[in-house]
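Chain naming follows the written order as A, B, C, D and E, and within any one chain the residues start at number 1.
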Amino acid sequence: MTNGRSLLLAYDQGLEHGPTDFNERNSDPSFVVEVANKGGFNGIILQKGIAEKYYDGKIPLIVKLNGKTSLVKGEPVSRQICSVEEAEALGAKAVGYTIYLGSEYEHVMLQEFGKIHEDAHRHGVPVIAWVYPRGIAIKDDTAPEIVAYAARAGLEVGADAVKIKYTGNPETFRWAVRNAGKTKVYMSGGPKAPTEEDFLRQVSGAIQAGAVGLAVGRNVWQAEDPLLISKKLKEIVIEKRQVQAKA
Amino acid sequence: MTNGRSLLLAYDQGLEHGPTDFNERNSDPSFVVEVANKGGFNGIILQKGIAEKYYDGKIPLIVKLNGKTSLVKGEPVSRQICSVEEAEALGAKAVGYTIYLGSEYEHVMLQEFGKIHEDAHRHGVPVIAWVYPRGIAIKDDTAPEIVAYAARAGLEVGADAVKIKYTGNPETFRWAVRNAGKTKVYMSGGPKAPTEEDFLRQVSGAIQAGAVGLAVGRNVWQAEDPLLISKKLKEIVIEKRQVQAKA
Amino acid sequence: MTNGRSLLLAYDQGLEHGPTDFNERNSDPSFVVEVANKGGFNGIILQKGIAEKYYDGKIPLIVKLNGKTSLVKGEPVSRQICSVEEAEALGAKAVGYTIYLGSEYEHVMLQEFGKIHEDAHRHGVPVIAWVYPRGIAIKDDTAPEIVAYAARAGLEVGADAVKIKYTGNPETFRWAVRNAGKTKVYMSGGPKAPTEEDFLRQVSGAIQAGAVGLAVGRNVWQAEDPLLISKKLKEIVIEKRQVQAKA
Amino acid sequence: MTNGRSLLLAYDQGLEHGPTDFNERNSDPSFVVEVANKGGFNGIILQKGIAEKYYDGKIPLIVKLNGKTSLVKGEPVSRQICSVEEAEALGAKAVGYTIYLGSEYEHVMLQEFGKIHEDAHRHGVPVIAWVYPRGIAIKDDTAPEIVAYAARAGLEVGADAVKIKYTGNPETFRWAVRNAGKTKVYMSGGPKAPTEEDFLRQVSGAIQAGAVGLAVGRNVWQAEDPLLISKKLKEIVIEKRQVQAKA
Amino acid sequence: MTNGRSLLLAYDQGLEHGPTDFNERNSDPSFVVEVANKGGFNGIILQKGIAEKYYDGKIPLIVKLNGKTSLVKGEPVSRQICSVEEAEALGAKAVGYTIYLGSEYEHVMLQEFGKIHEDAHRHGVPVIAWVYPRGIAIKDDTAPEIVAYAARAGLEVGADAVKIKYTGNPETFRWAVRNAGKTKVYMSGGPKAPTEEDFLRQVSGAIQAGAVGLAVGRNVWQAEDPLLISKKLKEIVIEKRQVQAKA
C-alpha cells in the first residue's frame, strides 16, 4: 500500500452475482489473479474457495468471510462461510465481511461481525467491512446521509476499513469519509460504469474526498484492456492524479 | 464519581442514529473525547470501535456491548457486538447493554443480558442496563408506570445501574428510582432539548428524585459551548444545585 | 420445610408484572425479605438481581432462572437469565423456571428446562417448575384438565416440584396432585384475592387435596398486615388447619 | 428380547397427551411400572422425570429424549429434553426420539436426531426413532406409502429401530418393513382400539409382516386386566401366534 | 477414479424421495451396494444409516451429510445430520452436502457448508457440494445461467466437486463447467429418463462439456439390467465414448 493508499481487485462476484458478470476470459480465476499481479494491485479479494485453488501469494490476499447469491429475494442476509483461522491459513493479510445495514437481519450480521472483529484482532488480522445499506427500509443506497451512516457504522463496530458506495460527488462523499474517522474508506467499484471517463471521475472524486483507495472488480476485469484501466486507476488512487469534472 | 453521583458522556449515537446527529466538529471522536476529559466527566460511553481508536485513558471508559442502527423498522432488537473480555482489554471500567423492554425480541435481549451480567460479575466489571421500553406494545415510553417498570426490570435482572428516560417530573421519577432499589439510576439525556433551561430543569428534577447521575450526549456535544453546559450539569448532578421549575 | 410441607414467599413480580403490583412499602425488597424472615417462611423466591443485592441468608433462597415482562403481547416465552451456577453462588437451595405450556414457544422452554434440570441435578440442586398453560391455544388456564396436564408435565420432565394454579375446588385439584406423582405440588398464590377468607379457603383446599405447600406473593406482601396473614397461612399449610367452605 | 422380538410398554403419554389418557389407577407410574415388570415386557419407555422417580431396574429402560404436549397447535416440533448421558445415568439400555416427518420443523428434528445418534453410538446405546409423519403436508399418516417413507427415513438416518404406525393390513405393512431394511420395526400401539380383538389382529398382522415387536401403552394400561392383555400380546409378538382376519 | 473421471452411484433417495422410487429389489440396500461393487463404480453415495449397516468397503464411500424428505413444502432446507468425524469413522473417502441455492434458507446452508468444508479439509476429506437452485425464486433449475451459477457457487465456497443438473446441451453445460474452474463437475443423474438412449446422450454431452463424471442413481438401479447400463455409462464417462445427438 503506497502512500497509505491502495487499489484492491475484488473477485467474489461469482458468488454474489453469478456468471452473468463473466465472459469466457474473466470467468477463469487464473486470468483475474494474473491481472491483479501484473496490474500492480495492492490486494486481491477472494472467497475461500477461489483463494484455496488459485491464489499464488504474489500480492496480498483479502478473504471475504461471508457471501450470498443474488437469487434469494427479500431482506438480505449473508452469513459467515469462512473462519478467520481458515483465512489466515490461506495466507490472508486481511479479512472482509458484508453488513447489510437496515436489513431485518442487520442484528445477525452486526453480531457476527462483532465476533469476527474480536477473533481477527486477537490474531492481528485487519478487518474490512463492506457496509451496504439494503432492504425494504432503504430507499436510496447512495444517498449522502445513508453512505455516511454506513461509514460511521463501520467505525463504531471496529472495522479497520470500510468499503462503501460512492455518493456521486466529492462534497457529500467527504462527509462520509469524515464520519468514518480513523477507519479507512474504500470506494466500492460497483457495476461497470457507462464510460471509462465516468468511472475514473468517480474514483478521482472519492480519492479527493479522502478515500484511501478503491476496491474494484467489474470495471477492471470486464474492461477490454484490464491492465490499461488498472494503470489509469493507480495514477488516480496512488499518485492522486485528478480527473476533472465534465464541463 | 463524586458523592456517589456521576456525569457520563454518551457518544454511541453514530451507530444508533447515524451522522444526522453530527456536525463537522462533533463528528470527530477526538473532539468529544476531549470534551469528556476537559469537562470533568466521570465516564465516557463508547462502542468498541471508537474506544479502540480514540480512547486515551484519561477518564473511565464504559463500553457499550450491543447496538443497532435506526434504519431497521419493526420490533427493535440489539445484539451483542462486543464481549466483556474485549471491553476489559480496551480499558473499560464498566459495560453497557440496551434492553428494549416490551419488544417481541425482549426475551432475546434479557437472555443475552443475563449472560453478560454473569460474565461481567465474574470479571468484577459493573453492568449498566439501558432499559428502553419500545415496540408496538409500548404506547408512551416516558409514562411513569413504564419508566418505573424499566427501572425495576433493571434491578431484577442484576444491573448495577440503569439508564432510563425522564418521566417529566420529579414526583413520578421518584417512583422509578424507588423501584430500582439498590440499582443506581441514570437519567438518559435524550435528544437536544428545546432550551438549555428546560434541559437543566429536567436533570435537576431527576437528581432531586434520587438519580445518581446523568448520561448525556447530544445536549453536551451539540451545544455551542460544550464545556459551559458540562459545568452547569456538574453543578446540578454533583453539587446538587437545584433548578427551579418555571413559575 | 416442616412435615414435608412448606410456605414460600414469591417476589419476582417486579419483573413479571412491573411496579403496578407495588406500593411505597412493598416496592422495597428489604421490606419483603424481612416479611419472609419474620413470617417464618420456608423459602423466598427471587430473581438473581434482587438476590444479589438483598438476600441475607436467613431463610432458604430459591432463584428464578427465567423471566419476562407483561409488556410483550403474543405467544409467551421466557428464557433463561440466570445459570444454575450463578444461583448456587448466590446461595440458592433450589432453582425455579417457568414453562408456558401450550405456547408456540413451548418447545423452546421445555428444551431449556431439560438442560437446567440436568445441570441442577448434577449440582444436587432441586428444580421447581412453574408450569403455566398459556397462549392462544389455552382457553381456561384453571380448567381441571389443564391444571392436571401442567402438573403431569412437571413430573414427566423431571421437576422436583411444580407450582400450578388452583382449580377452584379440592376435588379437581386432587386429580392434578395425583398426576404430579412424586413431584411435589405448590399452589400458586396468584393475584390478591377479593377477601382474605376466600384466599385462605383456596389454600386450605389445595393442601387438603395433597399440595405440599403454597408459593404466595401478593396476598402476603400486599396485605395490610403481612405477618398476620403469614401466620394464618402457616396454620393452614404447615399445621393443616382446615378452612370450611362457605355455607 | 426373545427370538429377536420384543414387547415394549410405552408410558410417556402424560406429557404427549396429558392426564385425559389416565384414570385413578394408571395415572400412578408405580402401577404401570408394576404392569411392565409382571407382564414380562422386554422394556419400558419413560420420560426422564418418571424414570428418575419410579424406575426400579427390573426390566430394560428406554428413555424418550424429546417430547411435547398436545396443547400447541400448528406444525409439530419436539425438542430434546434429556441428553444421552442423562439417560445412561438413569440406567437406559436404549433411547428414543420422535421425528415429525413432513413438519415444517422436520429439519430441526432430523438434525437433532443426527447428533443424538452420533452421541448414543459413541456410548454404545441403541437409538429408536419414533417416525411420525405429521403436519399440514400430511393428509393420511397411515397411508402405506407414508408409513413406508417413515420406516425408510429411520433407516437412512441411522435408527437402530423405528416405531411406526400400522397401515391397516399386513401386505402394505410388509412394504414398510422391507424399506426399513436392517432397522428393526416396532408397531406403534396407538389409541385404545375399539375392541381387543381388533387390536390383537393388527398386532398379529404387523408381526407377520416382519415387525420385531410392538410398543404399546394405552391398549395395555387402560385395559381392565393389563396382565391378561399383556399375556395375549406376548403370545402374538414373541411366540408369533397368528390372529385370523375377520371372516 | 480412472483418467480423472469417475462414475458414482447415488442411493440416498430413500430419504430424499421415499420408497416410491423403489421396487422389491432395489429397496434393499444390499442389492444396490452389490450393483455398485460389480458395476465397477468409482464410489457409492449413502446416508450414514445405510453406510453403517450395509457398506462393505469394496469401493470408495461418499457419505451424504445432510438430507430432507420430499414431504415438506415451502422453501427447501436441509440440515446436517452426520458429522465429518462420523463419516470418516464409517470409512468415507469424501463427504457430500446439498445447498439449495436461492432458497430463503440459502444462508443457513451456505454457513453450514462453510463449517463442514473447514472441518473436512482439516481432516483431509474432500467435499462434494450438491448445488441445487430451488425455491420460489427459481423458475427453471436447468436454465443454463442457473446451472452455471450453481457450479460457480460451488467453486467460490470451496467445494472440491459439485454435483449439478444437466442443462440439456453440451454448449450451455460447458459454460457451467467453465465457471466451476478447478472444482470438478459431476452431472446429476436425475429422475429416470424416458429412454436409455436419451439418458446416455445427456451423459455423453456432459462429459464432452468437461464434466469429470456422473453421479447416477435411479437410471441405474431402476433399470432392468443395472450392470448393463452401468457398463454403457462407464464407456461414456471413463472411456469417453461419444453418443451422437439424434438426427
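Keep this in mind: contacts are C-beta pairs under 8 Å (C-beta built on N, C-alpha and C of every residue); 3 or more make two chains touch, one makes a residue touch a chain.
Since this is a predicted model, take the numbers as computed values, not measurements.
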{"item": "Number of hops, chain C to chain E, where each hop joins two touching chains", "value": "2"}
{"item": "Turn needed to bring chain A onto chain E - CA fit, degrees, nearest 5", "value": "70"}
{"item": "Chain copies touching (chain C, chain D) - same or different residues, decided at half shared", "value": "different"}
{"item": "Chain centre separation (chain B, chain D; CA means) in Å", "value": "56"}
{"item": "Distance between the centres, which are taken as Cα means, of chain B and chain A, whole angstrom", "value": "35"}
{"item": "Multi-chain contact residues (two or more partners), chain C", "value": "none"}
{"item": "Chain contact topology (line, ring, star, complete or other)", "value": "ring"}
{"item": "Successive chains around the closed ring, taking chain D as origin and chain E next", "value": "D, E, A, B, C"}
{"item": "Touching residues (chain side chain B, partner chain C) in the complex", "value": "101-104, 106-108, 110-111, 113-114, 117-118, 133, 135, 137-138, 145, 148-149, 152-159, 175, 178-179, 181-183"}
{"item": "Chain B partner contacts - residues on chain C that touch it in the complex", "value": "12, 14-15, 18-20, 22, 24, 27-29, 47-50, 52-54, 67-69, 71-74, 77-83, 86"}
